[in-house]
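Labels run A, B, C and D following the written order; every chain starts at residue 1.
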Amino acid sequence: MAALTNTRRVRIEWGDCDPMGIVFYPCYLAMFDDSTHYLFERALGIAKPKIMQVYECAGFPLVDVRVRFIVPSRFGDDVDIESKVGEFRRSSFVVEHRLHKGDALAVECFETRVWIRRNPDDPAAMRSQPVPREVRERFEI
Amino acid sequence: MAALTNTRRVRIEWGDCDPMGIVFYPCYLAMFDDSTHYLFERALGIAKPKIMQVYECAGFPLVDVRVRFIVPSRFGDDVDIESKVGEFRRSSFVVEHRLHKGDALAVECFETRVWIRRNPDDPAAMRSQPVPREVRERFEI
Amino acid sequence: MAALTNTRRVRIEWGDCDPMGIVFYPCYLAMFDDSTHYLFERALGIAKPKIMQVYECAGFPLVDVRVRFIVPSRFGDDVDIESKVGEFRRSSFVVEHRLHKGDALAVECFETRVWIRRNPDDPAAMRSQPVPREVRERFEI
Amino acid sequence: MAALTNTRRVRIEWGDCDPMGIVFYPCYLAMFDDSTHYLFERALGIAKPKIMQVYECAGFPLVDVRVRFIVPSRFGDDVDIESKVGEFRRSSFVVEHRLHKGDALAVECFETRVWIRRNPDDPAAMRSQPVPREVRERFEI
(Lines give C-alpha, C1' and ligand atoms only; values in the text may rest on other atoms or scores of the structure.)
Protein backbone atom coordinates (compact mmCIF):
# COMPACT_ATOMS: atom_id res chain seq x y z
CA MET A 1 0.00 0.00 0.00
CA ALA A 2 1.16 3.50 -0.77
CA ALA A 3 0.88 6.65 1.26
CA LEU A 4 -1.80 9.20 0.42
CA THR A 5 -0.05 12.33 -0.83
CA ASN A 6 -1.40 15.86 -0.92
CA THR A 7 0.21 18.51 -3.10
CA ARG A 8 -0.62 22.18 -2.98
CA ARG A 9 0.76 25.28 -4.64
CA VAL A 10 1.89 28.10 -2.39
CA ARG A 11 2.83 31.62 -3.41
CA ILE A 12 5.83 33.10 -1.62
CA GLU A 13 4.52 36.40 -0.26
CA TRP A 14 6.34 39.67 0.36
CA GLY A 15 5.90 39.25 4.12
CA ASP A 16 7.47 35.78 4.03
CA CYS A 17 10.79 37.25 2.89
CA ASP A 18 13.64 38.82 4.81
CA PRO A 19 16.05 41.63 3.95
CA MET A 20 18.14 39.20 1.85
CA GLY A 21 14.99 38.79 -0.26
CA ILE A 22 14.63 35.09 0.54
CA VAL A 23 12.06 33.30 2.67
CA PHE A 24 12.57 33.88 6.41
CA TYR A 25 12.94 30.25 7.38
CA PRO A 26 10.31 30.02 10.14
CA CYS A 27 7.76 30.91 7.44
CA TYR A 28 8.51 27.59 5.73
CA LEU A 29 7.67 25.84 8.96
CA ALA A 30 4.30 27.60 9.09
CA MET A 31 3.65 26.50 5.49
CA PHE A 32 4.47 22.91 6.43
CA ASP A 33 2.20 23.08 9.46
CA ASP A 34 -0.60 24.25 7.18
CA SER A 35 0.25 21.44 4.76
CA THR A 36 -0.11 18.85 7.53
CA HIS A 37 -3.59 20.17 8.20
CA TYR A 38 -4.49 19.99 4.50
CA LEU A 39 -3.18 16.43 4.31
CA PHE A 40 -5.39 15.43 7.24
CA GLU A 41 -8.36 17.17 5.70
CA ARG A 42 -7.86 15.29 2.46
CA ALA A 43 -7.38 11.94 4.18
CA LEU A 44 -10.36 12.24 6.48
CA GLY A 45 -12.66 14.13 4.14
CA ILE A 46 -13.75 16.67 6.70
CA ALA A 47 -12.67 20.21 7.48
CA LYS A 48 -9.89 20.53 10.02
CA PRO A 49 -11.82 21.71 13.09
CA LYS A 50 -14.31 18.88 12.52
CA ILE A 51 -11.46 16.38 12.70
CA MET A 52 -10.74 17.58 16.20
CA GLN A 53 -14.38 17.12 17.22
CA VAL A 54 -15.11 13.81 15.52
CA TYR A 55 -11.92 12.12 16.67
CA GLU A 56 -11.81 13.78 20.13
CA CYS A 57 -8.42 15.15 19.19
CA ALA A 58 -6.94 18.24 20.84
CA GLY A 59 -4.26 18.60 18.18
CA PHE A 60 -1.15 16.87 16.86
CA PRO A 61 1.78 18.94 18.12
CA LEU A 62 5.37 18.39 17.09
CA VAL A 63 7.94 16.60 19.16
CA ASP A 64 10.73 16.81 16.60
CA VAL A 65 11.31 18.50 13.28
CA ARG A 66 14.17 18.30 10.82
CA VAL A 67 14.40 20.62 7.81
CA ARG A 68 16.92 20.81 4.98
CA PHE A 69 17.09 24.04 2.99
CA ILE A 70 18.51 23.30 -0.45
CA VAL A 71 17.41 26.08 -2.81
CA PRO A 72 16.23 29.49 -1.58
CA SER A 73 12.89 30.90 -2.71
CA ARG A 74 12.01 34.51 -3.28
CA PHE A 75 9.02 36.82 -3.28
CA GLY A 76 6.60 35.89 -6.06
CA ASP A 77 7.82 32.30 -6.52
CA ASP A 78 5.14 29.67 -6.82
CA VAL A 79 6.24 26.50 -5.08
CA ASP A 80 4.63 23.08 -4.68
CA ILE A 81 4.49 21.33 -1.33
CA GLU A 82 3.99 17.56 -1.41
CA SER A 83 3.01 16.01 1.92
CA LYS A 84 2.42 12.49 3.19
CA VAL A 85 2.66 10.49 6.39
CA GLY A 86 5.93 8.62 6.05
CA GLU A 87 5.38 6.37 9.03
CA PHE A 88 2.92 5.71 11.84
CA ARG A 89 4.87 4.62 14.90
CA ARG A 90 3.49 3.28 18.17
CA SER A 91 3.01 6.67 19.77
CA SER A 92 4.03 9.17 17.09
CA PHE A 93 3.96 9.66 13.34
CA VAL A 94 6.17 11.33 10.79
CA VAL A 95 4.83 13.76 8.21
CA GLU A 96 7.15 14.36 5.26
CA HIS A 97 6.98 17.55 3.23
CA ARG A 98 8.90 18.20 0.03
CA LEU A 99 8.80 21.71 -1.36
CA HIS A 100 9.63 21.92 -5.06
CA LYS A 101 10.50 25.02 -7.00
CA GLY A 102 9.91 23.94 -10.56
CA ASP A 103 11.73 20.61 -10.85
CA ALA A 104 14.15 21.25 -8.02
CA LEU A 105 13.68 19.93 -4.51
CA ALA A 106 14.08 23.17 -2.55
CA VAL A 107 13.18 22.28 1.04
CA GLU A 108 12.62 18.95 2.75
CA CYS A 109 10.94 18.61 6.15
CA PHE A 110 10.31 15.72 8.50
CA GLU A 111 7.85 16.45 11.29
CA THR A 112 7.46 13.95 14.12
CA ARG A 113 4.10 14.53 15.75
CA VAL A 114 1.99 13.01 18.49
CA TRP A 115 -1.77 12.67 18.60
CA ILE A 116 -3.29 14.36 21.64
CA ARG A 117 -6.64 13.19 22.86
CA ARG A 118 -8.99 15.86 24.12
CA ASN A 119 -9.54 15.55 27.86
CA PRO A 120 -12.75 17.38 28.86
CA ASP A 121 -11.95 16.99 32.55
CA ASP A 122 -8.59 18.70 32.17
CA PRO A 123 -8.31 20.76 28.97
CA ALA A 124 -4.72 21.73 29.74
CA ALA A 125 -3.58 18.09 29.96
CA MET A 126 -1.72 16.94 26.89
CA ARG A 127 -1.47 13.18 26.86
CA SER A 128 -0.50 11.56 23.59
CA GLN A 129 -1.91 8.24 22.42
CA PRO A 130 -1.57 6.13 19.30
CA VAL A 131 -3.28 7.54 16.24
CA PRO A 132 -6.65 5.73 16.08
CA ARG A 133 -6.71 2.88 13.54
CA GLU A 134 -9.67 4.40 11.66
CA VAL A 135 -7.57 7.53 11.16
CA ARG A 136 -4.40 5.70 10.13
CA GLU A 137 -6.20 3.65 7.49
CA ARG A 138 -7.32 6.78 5.68
CA PHE A 139 -3.71 7.65 4.89
CA GLU A 140 -3.24 4.57 2.73
CA ILE A 141 -4.26 4.32 -0.89
CA MET B 1 -5.54 62.29 37.13
CA ALA B 2 -3.08 61.12 34.52
CA ALA B 3 -2.94 57.88 32.59
CA LEU B 4 -0.51 55.17 33.65
CA THR B 5 2.09 54.82 30.89
CA ASN B 6 4.31 51.84 30.19
CA THR B 7 7.39 52.19 28.00
CA ARG B 8 9.48 49.32 26.73
CA ARG B 9 12.42 48.99 24.40
CA VAL B 10 12.05 46.65 21.45
CA ARG B 11 14.76 45.48 19.09
CA ILE B 12 13.79 45.28 15.43
CA GLU B 13 14.71 41.74 14.46
CA TRP B 14 15.84 40.35 11.09
CA GLY B 15 12.60 38.40 10.76
CA ASP B 16 10.51 41.53 11.31
CA CYS B 17 11.87 43.08 8.12
CA ASP B 18 10.86 42.69 4.50
CA PRO B 19 12.88 42.71 1.26
CA MET B 20 12.97 46.54 1.36
CA GLY B 21 14.83 46.12 4.65
CA ILE B 22 12.13 47.86 6.69
CA VAL B 23 9.66 46.44 9.19
CA PHE B 24 6.89 44.41 7.56
CA TYR B 25 4.00 46.43 8.91
CA PRO B 26 1.91 43.65 10.51
CA CYS B 27 4.92 43.05 12.78
CA TYR B 28 4.35 46.49 14.32
CA LEU B 29 0.82 45.44 15.14
CA ALA B 30 2.10 42.35 16.93
CA MET B 31 4.50 44.58 18.91
CA PHE B 32 1.61 46.83 19.90
CA ASP B 33 -0.51 43.85 20.92
CA ASP B 34 2.34 42.71 23.15
CA SER B 35 2.62 46.25 24.52
CA THR B 36 -1.04 46.26 25.49
CA HIS B 37 -0.44 43.08 27.48
CA TYR B 38 2.58 44.63 29.21
CA LEU B 39 0.57 47.75 30.04
CA PHE B 40 -2.14 45.62 31.66
CA GLU B 41 0.47 43.62 33.55
CA ARG B 42 1.99 46.80 34.90
CA ALA B 43 -1.36 48.32 35.84
CA LEU B 44 -2.73 45.24 37.56
CA GLY B 45 0.53 43.94 39.02
CA ILE B 46 0.02 40.37 37.94
CA ALA B 47 1.24 38.34 35.03
CA LYS B 48 -0.97 38.35 31.98
CA PRO B 49 -2.60 34.91 32.17
CA LYS B 50 -3.41 35.60 35.84
CA ILE B 51 -5.31 38.70 34.78
CA MET B 52 -7.58 36.51 32.71
CA GLN B 53 -8.24 34.22 35.69
CA VAL B 54 -8.62 36.82 38.41
CA TYR B 55 -10.90 39.10 36.42
CA GLU B 56 -12.79 36.28 34.62
CA CYS B 57 -11.67 37.80 31.36
CA ALA B 58 -11.45 35.82 28.13
CA GLY B 59 -9.40 38.49 26.40
CA PHE B 60 -9.67 42.05 25.09
CA PRO B 61 -9.87 41.73 21.31
CA LEU B 62 -9.77 44.65 18.90
CA VAL B 63 -12.76 46.15 17.23
CA ASP B 64 -10.89 48.94 15.48
CA VAL B 65 -7.27 49.91 14.91
CA ARG B 66 -5.71 52.94 13.29
CA VAL B 67 -1.97 53.16 12.63
CA ARG B 68 0.14 55.95 11.16
CA PHE B 69 3.59 55.03 9.85
CA ILE B 70 5.81 58.08 9.90
CA VAL B 71 9.43 56.93 9.93
CA PRO B 72 10.50 53.44 8.82
CA SER B 73 12.61 51.24 11.08
CA ARG B 74 15.21 48.76 10.04
CA PHE B 75 16.89 45.60 11.29
CA GLY B 76 18.89 46.28 14.43
CA ASP B 77 17.11 49.49 15.41
CA ASP B 78 16.17 49.81 19.06
CA VAL B 79 12.84 51.54 19.40
CA ASP B 80 10.76 52.60 22.40
CA ILE B 81 7.06 51.89 22.61
CA GLU B 82 5.05 54.05 24.99
CA SER B 83 1.57 52.76 25.80
CA LYS B 84 -1.39 54.00 27.80
CA VAL B 85 -5.17 53.75 27.87
CA GLY B 86 -6.34 56.97 26.26
CA GLU B 87 -9.97 56.53 27.14
CA PHE B 88 -12.36 54.10 28.81
CA ARG B 89 -15.70 54.29 27.05
CA ARG B 90 -18.95 52.64 28.05
CA SER B 91 -18.29 49.37 26.28
CA SER B 92 -14.83 49.77 24.81
CA PHE B 93 -11.48 51.37 25.55
CA VAL B 94 -8.71 52.90 23.48
CA VAL B 95 -5.06 51.92 23.93
CA GLU B 96 -2.59 54.39 22.47
CA HIS B 97 0.90 53.33 21.42
CA ARG B 98 3.65 55.67 20.30
CA LEU B 99 6.78 54.11 18.88
CA HIS B 100 9.82 56.36 19.01
CA LYS B 101 13.07 55.90 17.16
CA GLY B 102 15.43 58.12 19.09
CA ASP B 103 13.56 61.42 19.40
CA ALA B 104 11.34 60.89 16.39
CA LEU B 105 7.77 59.64 16.61
CA ALA B 106 7.97 56.79 14.11
CA VAL B 107 4.64 54.95 14.43
CA GLU B 108 1.43 55.87 16.20
CA CYS B 109 -1.35 53.37 16.92
CA PHE B 110 -4.85 53.63 18.37
CA GLU B 111 -6.41 50.32 19.31
CA THR B 112 -10.09 50.21 20.24
CA ARG B 113 -10.70 47.09 22.29
CA VAL B 114 -13.54 45.43 24.13
CA TRP B 115 -13.38 43.47 27.35
CA ILE B 116 -14.72 39.93 26.98
CA ARG B 117 -15.97 38.15 30.05
CA ARG B 118 -15.21 34.44 30.25
CA ASN B 119 -18.36 32.38 29.98
CA PRO B 120 -17.76 28.89 31.41
CA ASP B 121 -21.09 27.65 30.08
CA ASP B 122 -20.24 28.65 26.54
CA PRO B 123 -16.48 29.17 26.00
CA ALA B 124 -17.00 30.16 22.37
CA ALA B 125 -19.36 33.01 23.27
CA MET B 126 -17.75 36.42 23.08
CA ARG B 127 -19.86 38.98 24.85
CA SER B 128 -18.22 42.27 25.70
CA GLN B 129 -18.98 44.19 28.86
CA PRO B 130 -17.68 47.37 30.47
CA VAL B 131 -14.17 47.10 31.86
CA PRO B 132 -14.67 46.46 35.59
CA ARG B 133 -14.21 49.56 37.76
CA GLU B 134 -11.46 47.91 39.84
CA VAL B 135 -9.52 47.36 36.61
CA ARG B 136 -10.11 50.86 35.24
CA GLU B 137 -8.91 52.54 38.41
CA ARG B 138 -5.52 50.86 38.13
CA PHE B 139 -4.80 52.74 34.91
CA GLU B 140 -4.84 56.11 36.68
CA ILE B 141 -1.90 57.57 38.52
CA MET C 1 -15.48 54.19 -14.64
CA ALA C 2 -15.42 51.55 -11.95
CA ALA C 3 -12.53 50.26 -9.90
CA LEU C 4 -10.96 46.94 -10.80
CA THR C 5 -11.70 44.52 -7.96
CA ASN C 6 -9.84 41.36 -7.09
CA THR C 7 -11.41 38.73 -4.84
CA ARG C 8 -9.61 35.76 -3.41
CA ARG C 9 -10.51 33.01 -0.99
CA VAL C 10 -8.28 32.56 2.05
CA ARG C 11 -8.31 29.71 4.52
CA ILE C 12 -7.84 30.68 8.16
CA GLU C 13 -4.95 28.51 9.30
CA TRP C 14 -4.19 27.07 12.74
CA GLY C 15 -1.14 29.31 13.06
CA ASP C 16 -3.23 32.43 12.34
CA CYS C 17 -5.26 31.89 15.51
CA ASP C 18 -4.61 32.81 19.11
CA PRO C 19 -5.49 31.09 22.40
CA MET C 20 -9.05 32.48 22.15
CA GLY C 21 -9.29 30.48 18.93
CA ILE C 22 -9.80 33.55 16.76
CA VAL C 23 -7.47 35.17 14.23
CA PHE C 24 -4.57 37.01 15.88
CA TYR C 25 -5.29 40.39 14.37
CA PRO C 26 -1.88 41.19 12.84
CA CYS C 27 -2.41 38.10 10.67
CA TYR C 28 -5.34 39.87 8.98
CA LEU C 29 -2.98 42.70 8.11
CA ALA C 30 -0.58 40.25 6.48
CA MET C 31 -3.50 38.82 4.46
CA PHE C 32 -4.44 42.32 3.31
CA ASP C 33 -0.85 43.09 2.37
CA ASP C 34 -0.83 39.93 0.24
CA SER C 35 -4.18 40.98 -1.25
CA THR C 36 -2.75 44.32 -2.31
CA HIS C 37 0.01 42.49 -4.16
CA TYR C 38 -2.54 40.22 -5.86
CA LEU C 39 -4.61 43.24 -6.87
CA PHE C 40 -1.55 44.85 -8.46
CA GLU C 41 -0.68 41.61 -10.21
CA ARG C 42 -4.17 41.37 -11.64
CA ALA C 43 -4.23 45.02 -12.73
CA LEU C 44 -0.81 45.01 -14.37
CA GLY C 45 -0.85 41.47 -15.70
CA ILE C 46 2.62 40.61 -14.50
CA ALA C 47 3.97 38.79 -11.47
CA LYS C 48 4.69 40.98 -8.47
CA PRO C 49 8.50 41.15 -8.59
CA LYS C 50 8.27 42.05 -12.30
CA ILE C 51 6.12 45.04 -11.41
CA MET C 52 8.97 46.36 -9.32
CA GLN C 53 11.41 45.97 -12.21
CA VAL C 54 9.25 47.20 -15.05
CA TYR C 55 7.98 50.27 -13.20
CA GLU C 56 11.24 51.01 -11.33
CA CYS C 57 9.32 50.66 -8.13
CA ALA C 58 10.98 49.82 -4.82
CA GLY C 59 7.67 49.02 -3.15
CA PHE C 60 4.46 50.67 -1.97
CA PRO C 61 4.73 50.90 1.82
CA LEU C 62 1.94 52.00 4.10
CA VAL C 63 1.66 55.41 5.64
CA ASP C 64 -1.69 54.82 7.33
CA VAL C 65 -3.99 51.91 7.93
CA ARG C 66 -7.42 51.68 9.49
CA VAL C 67 -9.10 48.35 10.23
CA ARG C 68 -12.52 47.53 11.64
CA PHE C 69 -13.04 44.06 13.07
CA ILE C 70 -16.73 43.18 12.96
CA VAL C 71 -17.04 39.39 13.08
CA PRO C 72 -14.27 37.11 14.36
CA SER C 73 -12.99 34.23 12.24
CA ARG C 74 -11.73 30.90 13.45
CA PHE C 75 -9.43 28.11 12.37
CA GLY C 76 -10.77 26.39 9.26
CA ASP C 77 -13.00 29.23 8.10
CA ASP C 78 -12.84 30.07 4.41
CA VAL C 79 -13.13 33.81 3.93
CA ASP C 80 -13.24 36.01 0.83
CA ILE C 81 -11.14 39.14 0.55
CA GLU C 82 -12.30 41.73 -1.98
CA SER C 83 -9.73 44.41 -2.81
CA LYS C 84 -9.69 47.54 -4.94
CA VAL C 85 -8.00 50.92 -5.10
CA GLY C 86 -10.56 53.28 -3.65
CA GLU C 87 -8.72 56.44 -4.61
CA PHE C 88 -5.52 57.65 -6.25
CA ARG C 89 -4.45 60.86 -4.58
CA ARG C 90 -1.65 63.18 -5.62
CA SER C 91 1.06 61.37 -3.70
CA SER C 92 -0.69 58.41 -2.14
CA PHE C 93 -3.44 55.91 -2.85
CA VAL C 94 -5.96 54.01 -0.77
CA VAL C 95 -6.47 50.27 -1.09
CA GLU C 96 -9.73 49.00 0.36
CA HIS C 97 -10.13 45.41 1.53
CA ARG C 98 -13.38 43.82 2.62
CA LEU C 99 -13.18 40.38 4.17
CA HIS C 100 -16.44 38.45 4.03
CA LYS C 101 -17.32 35.35 5.99
CA GLY C 102 -20.22 33.95 4.06
CA ASP C 103 -22.53 36.93 3.54
CA ALA C 104 -21.26 38.90 6.53
CA LEU C 105 -18.72 41.69 6.27
CA ALA C 106 -16.23 40.51 8.88
CA VAL C 107 -13.25 42.86 8.54
CA GLU C 108 -12.81 46.11 6.64
CA CYS C 109 -9.41 47.68 5.96
CA PHE C 110 -8.26 50.94 4.41
CA GLU C 111 -4.58 51.08 3.55
CA THR C 112 -3.03 54.38 2.54
CA ARG C 113 0.14 53.67 0.60
CA VAL C 114 2.80 55.58 -1.25
CA TRP C 115 4.64 54.57 -4.39
CA ILE C 116 8.41 54.45 -3.91
CA ARG C 117 10.63 54.82 -6.91
CA ARG C 118 13.75 52.70 -6.96
CA ASN C 119 16.87 54.82 -6.67
CA PRO C 120 19.91 52.88 -7.96
CA ASP C 121 22.30 55.54 -6.65
CA ASP C 122 20.95 55.24 -3.13
CA PRO C 123 19.01 52.02 -2.55
CA ALA C 124 18.20 53.02 1.03
CA ALA C 125 16.48 56.25 -0.03
CA MET C 126 12.72 56.06 0.03
CA ARG C 127 11.21 58.91 -1.90
CA SER C 128 7.57 58.64 -2.80
CA GLN C 129 6.16 59.96 -6.06
CA PRO C 130 2.76 59.91 -7.76
CA VAL C 131 1.71 56.53 -9.06
CA PRO C 132 2.59 56.60 -12.78
CA ARG C 133 -0.40 57.26 -15.04
CA GLU C 134 0.14 54.03 -16.98
CA VAL C 135 -0.18 52.16 -13.69
CA ARG C 136 -3.23 54.08 -12.47
CA GLU C 137 -5.16 53.48 -15.68
CA ARG C 138 -4.91 49.75 -15.23
CA PHE C 139 -7.02 49.92 -12.08
CA GLU C 140 -10.08 51.18 -13.99
CA ILE C 141 -12.53 48.95 -15.81
CA MET D 1 38.85 26.59 25.04
CA ALA D 2 35.15 26.89 25.68
CA ALA D 3 32.40 28.28 23.49
CA LEU D 4 31.08 31.75 24.17
CA THR D 5 27.48 31.40 25.34
CA ASN D 6 24.75 34.01 25.25
CA THR D 7 21.63 33.64 27.36
CA ARG D 8 18.55 35.80 27.07
CA ARG D 9 15.15 35.79 28.65
CA VAL D 10 12.15 35.74 26.33
CA ARG D 11 8.51 36.27 27.24
CA ILE D 12 6.03 34.00 25.46
CA GLU D 13 3.54 36.42 23.95
CA TRP D 14 -0.18 35.97 23.24
CA GLY D 15 0.47 36.09 19.51
CA ASP D 16 3.06 33.31 19.76
CA CYS D 17 0.41 30.85 20.92
CA ASP D 18 -2.09 28.75 19.02
CA PRO D 19 -5.65 27.63 19.84
CA MET D 20 -4.24 24.86 22.06
CA GLY D 21 -2.72 27.70 24.12
CA ILE D 22 0.86 26.57 23.45
CA VAL D 23 3.57 28.17 21.32
CA PHE D 24 2.92 27.77 17.58
CA TYR D 25 6.15 26.00 16.79
CA PRO D 26 7.46 28.23 13.96
CA CYS D 27 7.55 31.02 16.54
CA TYR D 28 10.28 29.12 18.41
CA LEU D 29 12.31 29.10 15.23
CA ALA D 30 11.98 32.87 14.94
CA MET D 31 13.15 33.18 18.57
CA PHE D 32 16.18 31.02 17.79
CA ASP D 33 16.97 33.06 14.70
CA ASP D 34 16.92 36.19 16.85
CA SER D 35 19.12 34.41 19.40
CA THR D 36 21.70 33.64 16.74
CA HIS D 37 21.86 37.34 15.91
CA TYR D 38 22.27 38.24 19.59
CA LEU D 39 25.05 35.66 19.95
CA PHE D 40 26.90 37.19 17.00
CA GLU D 41 26.39 40.67 18.41
CA ARG D 42 27.83 39.59 21.73
CA ALA D 43 30.79 37.81 20.16
CA LEU D 44 31.72 40.59 17.77
CA GLY D 45 30.81 43.54 19.96
CA ILE D 46 28.92 45.39 17.27
CA ALA D 47 25.27 45.69 16.39
CA LYS D 48 23.98 43.16 13.90
CA PRO D 49 23.73 45.28 10.74
CA LYS D 50 27.29 46.53 11.37
CA ILE D 51 28.51 42.93 11.36
CA MET D 52 27.22 42.60 7.83
CA GLN D 53 29.08 45.74 6.75
CA VAL D 54 32.36 45.20 8.56
CA TYR D 55 32.73 41.57 7.56
CA GLU D 56 31.24 41.97 4.05
CA CYS D 57 28.65 39.44 4.99
CA ALA D 58 25.26 39.19 3.26
CA GLY D 59 23.83 36.96 5.98
CA PHE D 60 24.18 33.48 7.44
CA PRO D 61 21.18 31.51 6.18
CA LEU D 62 20.26 28.02 7.32
CA VAL D 63 20.97 24.88 5.39
CA ASP D 64 19.63 22.49 8.01
CA VAL D 65 17.76 22.74 11.28
CA ARG D 66 16.77 20.11 13.82
CA VAL D 67 14.48 20.92 16.74
CA ARG D 68 13.25 18.76 19.61
CA PHE D 69 10.18 19.95 21.50
CA ILE D 70 10.20 18.49 24.99
CA VAL D 71 8.01 20.67 27.21
CA PRO D 72 5.35 23.02 25.83
CA SER D 73 5.31 26.69 26.80
CA ARG D 74 2.29 28.89 27.22
CA PHE D 75 1.33 32.55 27.06
CA GLY D 76 3.06 34.52 29.82
CA ASP D 77 5.88 32.04 30.43
CA ASP D 78 9.34 33.52 30.76
CA VAL D 79 11.88 31.24 29.18
CA ASP D 80 15.67 31.38 28.88
CA ILE D 81 17.42 30.70 25.60
CA GLU D 82 21.09 29.71 25.81
CA SER D 83 22.99 29.88 22.53
CA LYS D 84 26.48 29.02 21.38
CA VAL D 85 28.33 27.90 18.26
CA GLY D 86 28.77 24.18 18.75
CA GLU D 87 31.14 23.71 15.84
CA PHE D 88 32.77 25.59 13.01
CA ARG D 89 33.11 23.26 10.04
CA ARG D 90 34.94 23.89 6.80
CA SER D 91 32.04 25.59 5.07
CA SER D 92 29.30 25.70 7.65
CA PHE D 93 28.78 26.11 11.38
CA VAL D 94 26.30 24.81 13.93
CA VAL D 95 24.51 27.09 16.36
CA GLU D 96 23.00 25.30 19.34
CA HIS D 97 20.06 26.75 21.25
CA ARG D 98 18.63 25.35 24.46
CA LEU D 99 15.39 26.87 25.72
CA HIS D 100 14.81 26.33 29.43
CA LYS D 101 11.55 26.79 31.28
CA GLY D 102 12.69 27.05 34.87
CA ASP D 103 15.05 24.12 35.31
CA ALA D 104 13.59 22.03 32.53
CA LEU D 105 15.07 21.80 29.06
CA ALA D 106 11.98 22.62 27.00
CA VAL D 107 13.25 22.95 23.42
CA GLU D 108 16.58 22.12 21.83
CA CYS D 109 17.62 23.40 18.40
CA PHE D 110 20.60 22.78 16.13
CA GLU D 111 20.96 25.21 13.26
CA THR D 112 23.47 24.50 10.51
CA ARG D 113 24.29 27.75 8.78
CA VAL D 114 26.56 29.02 6.06
CA TRP D 115 28.33 32.34 5.86
CA ILE D 116 27.43 34.30 2.73
CA ARG D 117 29.85 36.88 1.47
CA ARG D 118 28.33 40.03 0.02
CA ASN D 119 28.94 40.27 -3.70
CA PRO D 120 28.53 43.89 -4.84
CA ASP D 121 28.70 42.87 -8.51
CA ASP D 122 25.80 40.45 -8.11
CA PRO D 123 23.72 41.11 -5.00
CA ALA D 124 21.46 38.15 -5.74
CA ALA D 125 24.36 35.67 -5.77
CA MET D 126 24.63 33.65 -2.60
CA ARG D 127 27.98 31.97 -2.39
CA SER D 128 28.99 30.58 0.97
CA GLN D 129 32.56 30.63 2.22
CA PRO D 130 34.32 29.62 5.44
CA VAL D 131 33.59 31.88 8.39
CA PRO D 132 36.57 34.28 8.53
CA ARG D 133 39.16 33.34 11.18
CA GLU D 134 38.83 36.73 12.91
CA VAL D 135 35.12 36.02 13.35
CA ARG D 136 35.56 32.42 14.53
CA GLU D 137 38.08 33.39 17.20
CA ARG D 138 35.57 35.69 18.85
CA PHE D 139 33.34 32.73 19.70
CA GLU D 140 35.98 31.20 21.99
CA ILE D 141 36.49 32.19 25.60
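Convention: a residue touches a chain if its C-beta (ideal position, glycine included) is under 8 Å from a C-beta of that chain, and two chains touch if they have at least 3 such contacts.
All values derive from a computational prediction rather than experimental measurement.
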| item | value |
| --- | --- |
| Selected pair, greater C-beta contact count between B-D and C-D | B-D |
| Most distant chain from chain B, judged by the mean position of its C-alpha atoms | A |
| Where chain A and chain D are represented by their mean Cα positions, the distance between them in whole Å | 24 |
| Approximate Å spacing (C-alpha centroids) for the pair chain B, chain D | 28 |
| Interchain centroid distance [CA atoms averaged], chain C/chain D, Å | 32 |
| Per-residue multi-chain contacts in chain B, two or more chains | 14-15, 18-21, 24, 26, 30, 33, 75 |
| Chain A contact footprint on chain B (complex, rising order) | 14-15, 17-21, 24, 26, 75 |
| List of chain A residues in touch with chain C within their complex | 11, 13-15, 30, 33-34, 37, 47-50, 74-76 |
| In the complex, chain C residues that touch chain B | 18-22, 24-27, 29-30, 33, 58-59, 61-70, 72, 116, 124, 126 |
